[in-house]
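Right, I'll just put the structure down here and ask away after.
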Amino acid sequence: MDNWLPTLIVATPEQGFDLAFKLSRMAVKKAQPSEDVREKVRKDYEDDAESLIAISQVVAINFQTIAAANGYWR
Amino acid sequence: MDNWLPTLIVATPEQGFDLAFKLSRMAVKKAQPSEDVREKVRKDYEDDAESLIAISQVVAINFQTIAAANGYWR
Amino acid sequence: MDNWLPTLIVATPEQGFDLAFKLSRMAVKKAQPSEDVREKVRKDYEDDAESLIAISQVVAINFQTIAAANGYWR
Amino acid sequence: MDNWLPTLIVATPEQGFDLAFKLSRMAVKKAQPSEDVREKVRKDYEDDAESLIAISQVVAINFQTIAAANGYWR
Amino acid sequence: MDNWLPTLIVATPEQGFDLAFKLSRMAVKKAQPSEDVREKVRKDYEDDAESLIAISQVVAINFQTIAAANGYWR
Amino acid sequence: MDNWLPTLIVATPEQGFDLAFKLSRMAVKKAQPSEDVREKVRKDYEDDAESLIAISQVVAINFQTIAAANGYWR
């Protein structure tokens, strides 16, 4: 997990959205380091409406941070 | 999914709200790339009060970002 | 749904709160366009504590946006 | 419900917290106008840990707005 | 409950975190004034993962407010 | 728990993310001081999709605070 987040500054909104997604995943990874368990958990959420909406919410919160960091790419 | 988010800047609040909605959907799409599975999931949430309110919450968070990016269209 | 959000600027905090409520509803409307289904869903949430609190949360998030847009009506 | 929110500006943090609480309640009131139904719903949440925590979350979001409006009473 | 929140300004981040915790509790206290009921509710959440995470979320939101009020103790 | 949060200022985004994680844990620790109970609770959430996503959300909120405190490491 070393040096996975050198900066919040990215060139485009799309890259910012990808980074927001990455932050969301990394928090899960830190809470549950086992790849095997996470793979099993993925099977639970990947066809569950409530979980997918919850993931979208976490990404939205992280995207607020990334967008602000980048001056909204104005 | 290429180049789906060239900018956060849009002309009107209404377009901003539509973009907030799009961001919310794209996060789900990234978490669950299969169109078929997402279609099945849609059947679960589309008549579920809790899910619809949760979607509205994600859109609200993304709209905060878009509105700030656009100086609130003042 | 055309031109339902011409501006975020309103004269008073109370009108701002009403607009926050409207934004919350519009996201549900976009996710579930059928008036009939929404009416049925309303029956589920209107006497459910958890749903009513969740609605209040969405309104609170949207009110943050509207209040910031209006310089908090200071 | 007329003129229930003339201003977001209050003299002290404590009054601001009370106003945040009021905003949270008013959204519920707008979503469920019947006093009788709300009274019944209150019985569901008032001894439910999850609901009480959720209420605290809505108040926290509204308090962010009120505190920002008042320059954090600095 | 009188004069429990004279200011949002505290000397250190740690005191700020304690205050964020206090705000979270006070909202519960206002929603459920009975000490006895709150004590009973505490038994429900104190060994429940979902509730403890939800509490942590409310504290995080309140800590955003307190940290901003204090200029992040920079 | 003494002096666990001397500052919000850290050198890199990665350290900021770690601190956001620490804040999220500390709130749980304050709500449930018993190490034994927390260990038992960990067993409940560590393979539960909904809980892991909820943890990621709390970290995202705390990361907003830390990132703002550090001027987004620009």
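All chains are identified by letter, namely A, B, C, D, E and F, in their written order; residue positions are counted from 1 within each chain.
Here is the rule we use: a contact is a pair of C-beta atoms (placed from the backbone, for glycine too) under 8 Å apart; a residue touches a chain by one contact, two chains touch by 3 or more.
A quick note: this is a predicted structure, and the numbers were derived from the prediction, not measured.
Chemist: Go through the assembly and pull out the chains touching chain D as well as chain F.
Modeler: Shared contacts of chain D and chain F: E.
Chemist: Moving step by step between touching chains, how few steps can get you from chain B to chain D?
Modeler: 2
Chemist: Based on CA centres, what chain would you say lies at the far end from chain F?
Modeler: C
Chemist: Can you tell me which chain lies farthest from chain E, using the average of the Cα atoms as each chain's centre?
Modeler: The chain lying farthest from chain E is B.
Chemist: So if I superpose chain D on chain E by CA, what angle comes out, to the nearest 5°?
Modeler: Going from chain D to chain E via C-alpha fit gives 60 degrees.
Chemist: Rounded to a whole Å, what is the gap between the Cα centroids of chain C and chain E?
Modeler: Once rounded, the distance between the two centres reads 27 Å.
Chemist: Could you please state the distance in Å, as a whole number, between where the Cα atoms of chain E are centred and where those of chain F are centred?
Modeler: 15
Chemist: Give the residues of chain D touching no fewer than two other chains, as numbers and ranges.
Modeler: 45, 48, 50, 54-55, 57, 61, 64, 68
Chemist: Could you tell me which shape the graph of touching chains takes: line, ring, star, complete or other?
Modeler: The chain contacts form a single closed ring, each chain touching exactly two others.
Chemist: Where on chain A does chain B make contact in their complex?
Modeler: 12-14, 17, 21, 45-50, 52-57, 59-61, 63-64, 67-68, 72-74
Chemist: What part of chain A is in contact with chain F in the complex they form?
Modeler: Within the complex, chain A touches chain F at residues 3-9, 23-28, 30-32, 37, 40-42, 44-45, 48, 50-51, 54-55, 57-58, 61-62, 64-65, 68-69.
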